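Encoded as structure tokens, here's the structure I'll be asking about.
Labels run A, B, C and D following the written order; every chain starts at residue 1.
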Amino acid sequence: MSDAKIRVGVLGARGKVGSEICKVVEATADVELVAAIDAGDDRQELVSAGAQVVVDFTHPDVVMDNLEFCIANGIHAVVGTTGFDEERLTRLEGWLAANPAAGVLIAPNFSIGAILMMRFAAVAAPHYESVEIIELHHPTKADAPSGTARRTAELVAAARRDAGSAPMPDATSTSLDGARGADVDGVRVHAVRARGLIAHQEVLLGGPGETLTIRHDSMDRASFGPGVLAGVRAIAAHPGLTVGLEHFLDLG
Amino acid sequence: MSDAKIRVGVLGARGKVGSEICKVVEATADVELVAAIDAGDDRQELVSAGAQVVVDFTHPDVVMDNLEFCIANGIHAVVGTTGFDEERLTRLEGWLAANPAAGVLIAPNFSIGAILMMRFAAVAAPHYESVEIIELHHPTKADAPSGTARRTAELVAAARRDAGSAPMPDATSTSLDGARGADVDGVRVHAVRARGLIAHQEVLLGGPGETLTIRHDSMDRASFGPGVLAGVRAIAAHPGLTVGLEHFLDLG
Amino acid sequence: MSDAKIRVGVLGARGKVGSEICKVVEATADVELVAAIDAGDDRQELVSAGAQVVVDFTHPDVVMDNLEFCIANGIHAVVGTTGFDEERLTRLEGWLAANPAAGVLIAPNFSIGAILMMRFAAVAAPHYESVEIIELHHPTKADAPSGTARRTAELVAAARRDAGSAPMPDATSTSLDGARGADVDGVRVHAVRARGLIAHQEVLLGGPGETLTIRHDSMDRASFGPGVLAGVRAIAAHPGLTVGLEHFLDLG
Amino acid sequence: MSDAKIRVGVLGARGKVGSEICKVVEATADVELVAAIDAGDDRQELVSAGAQVVVDFTHPDVVMDNLEFCIANGIHAVVGTTGFDEERLTRLEGWLAANPAAGVLIAPNFSIGAILMMRFAAVAAPHYESVEIIELHHPTKADAPSGTARRTAELVAAARRDAGSAPMPDATSTSLDGARGADVDGVRVHAVRARGLIAHQEVLLGGPGETLTIRHDSMDRASFGPGVLAGVRAIAAHPGLTVGLEHFLDLG
């Protein structure tokens, strides 16, 4: 065991994502899995095992308890569990103020590809007349469009607003209902559902004589790994509360 | 002048498509442009020049007169002009019955790529659980979805009906208005409009663990050329009325 | 147990593909898994369980023994095991001549998407000046290009030869070594290798002003299921030897 | 004529690109075409017409003379003409030192889409294990791979070097010659040539379970317009020599 390895505990270690995270941590040279905890296990094990960073993919019902415990014990936390509203973030900030050395990262998305896609779409948007989003998912998905597609549309719309972009050209005068997709903040979003698809998104930007397309294909839960590792490596240097993995990545 | 060359006259020779057709005919070894006629010119020139086949890209107002003239003079016709309804086709059949050696091809689409895309989509559809269509066009297009996308959806729906396919899976329960596209005969069709695009269509077919995508990109009016030439070469061997270039192509 | 269900035995039932096939058979209404056999098990169980069709995904070393047993017992066989050369096919035909009611399907590829892609590429090829193939796979693949890409190129080349197609246009005069891909029978094939990819192939066909692209994305072993089931359903009606699942599919 | 409009002269105004630039300038509200000059015309007209910025798409043989004239007359220059080596840039810097108010932009690429693609590829590269480039062009192109593809590969390689990225995974052990593309600084580049294509490039980045694809499709010379206008608008605020339009764009 090298002192240089980051000592990691996983909360929700027997869940779908959590068990995957355990494997990734075990397979990576500069981190070390020292505790794998799930419902029914004793969190105190994190302390006795000397965990420096906890990765939490659990449930909105238990994550606040987990984080209170971690912060109180000076353990940094990288959190993929959902359900954080303003009230919860404010409570977290209170706990962190009392333990200023601890760092907590709350990230709705650990996919580096999705983060880059959203970032590039927002940077490119003011340079183009038209932007549309096509997201494609498995047919068992309940919502359309996806949360990532909505978020991308909002970021594109904000970037265009800031740049004073003109409205997008669209001469459609005869249309079947729904043909032109959903309108999210003025950005058209199309949701495709088909067996065989997993999770894919394309942002199409168009100007005179050219188009730029940014596409993200997510084929496997393993795609969370590099993002979680990036969070684990960076969190000690970022005490306090951070929302969004993008703040830890070099995005140019 | 070689006897082996097919002697071609073009009607609508100074129009956008017609002038392009003239160039293509002149640039092709086995055909010969013997008459280029437009509004104001004397159609009799077709006869005196010995035209064997006429290509007509004119206007619904004049195309019936043109065809009556050609059939009466034993000149075959390859027609891209629009506006043919049942009544017009019946009239054409009457003229052709009186001149059984003449052949007329009425084709709504001379793009071989579009014809192949529609054909392949219909052949593949019964082998897949899901089929969706995405068409992408320049933002000055008035209708959404495109005529080709509607036609493709109808062909896919018919093929699935004939095969007794089950309804496509779709668990969407929360949706923004329009997100899932237009419903054409049970097939979802999405219309993207962006500056820089020309005319593109993608048919996505999905089954367990795999997808098949057939995409047609039409960048230039020149794409009509090979289809028109295929019609010109085949028409003499197909007396009577033919609707649809696909009947002259070897589609497997 | 309904008499209408096809009674299926699986050979190689504990292998990667075989175990997947067992699941697919169990999840499908019109077939029934009556025997799941692997190395060490008694093949006689197939007979006592009344198997009508056997699916064999085993090993070149044992598949001939398996097939001799099945044919002798009047059990049809759908075979995904590799390693069939002329000598083996001839031996199979001998056994089948002695038991003319039995049917054997030897299929190098059970992916309906891959079969359709190859078929469509061959049908479309004579209609285009240019055809190139791009295959994209995970970086642990040993061969480049893939077997499917090579086979597609051969089919395209044969279709172009039969149609008397002119050589493809290519003005490249200055090239880095390898930039233009591998030459398979005059068709350029490009092999992309990247982490995150699974098994993908694109056939790009180009003519004046347009391109047609046929793309197959295979994301999961589950994609074999529909093809194997198609074989199981059709084999009883096809006594004797068949090589290639395409002979059982309606490909237009 | 509004005082707010930038007064633009075009050199090479009757050339393919230059004539397109003239149209773009005339169609744009905040700029004004005051002189359209080509071989044989008197450059003095630029001065008498009060041109503030010159756009030069001429020829390596005459561009240095043009720039010496512009700088001496305090006219800014936006230059798409090729052939600038170290020696020429040094000479330019000398002339600009003597006329420090003048600005010259030398840009090998005015396509904003191409610039964004290269930028995004370099930013994303260190976050992925694998990066490959596929460029697709019309079959009359002489070089393979394209200059843009080479440049992209160099930028990706540099970004990976700076980040200390590990070599890309590639288990290929059996390969047809050329199948894996050209090696540019350790980045594989594939060049596709087909009739119907214009100028396209795809950068594929892959990590565990996901891929990110950045694709640029250039369909028309008109795609130069927005980049040239961006140069024209920014040059007055950037006296001295600038190489590369990216320095004038907000790239996040």
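We take it that a contact is a pair of C-beta atoms (placed from the backbone, for glycine too) under 8 Å apart; a residue touches a chain by one contact, two chains touch by 3 or more.
Because the structure is a prediction, the values reported are computed rather than measured.
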item: Other chains in touch with both chain B and chain C; value: A, D
item: Rotational angle, Cα trace of chain A fitted to chain B, multiple of 5°; value: 180
item: Identity of the chain that, by mean CA position, is farthest from chain D; value: C
item: Rounded Å distance between chain C and chain D, as computed from the means of their C-alpha atoms; value: 46
item: Where chain B and chain D are represented by their mean Cα positions, the distance between them in whole Å; value: 39
item: Multi-partner residues of chain D (at least 2 other chains); value: 196, 205, 207-211, 217, 219, 223
item: Complex contact set, residues of chain B against chain A; value: 128-132, 134, 136, 139-145, 168-184, 188-197, 204-211
item: For the chain A and chain D complex, residues of the former touching the latter; value: 111-113, 116-117, 119-120, 122-124, 126-127, 205, 207-226, 249-252
item: Interface residues, chain D side, partner chain B - complex; value: 196, 198, 217, 219, 223
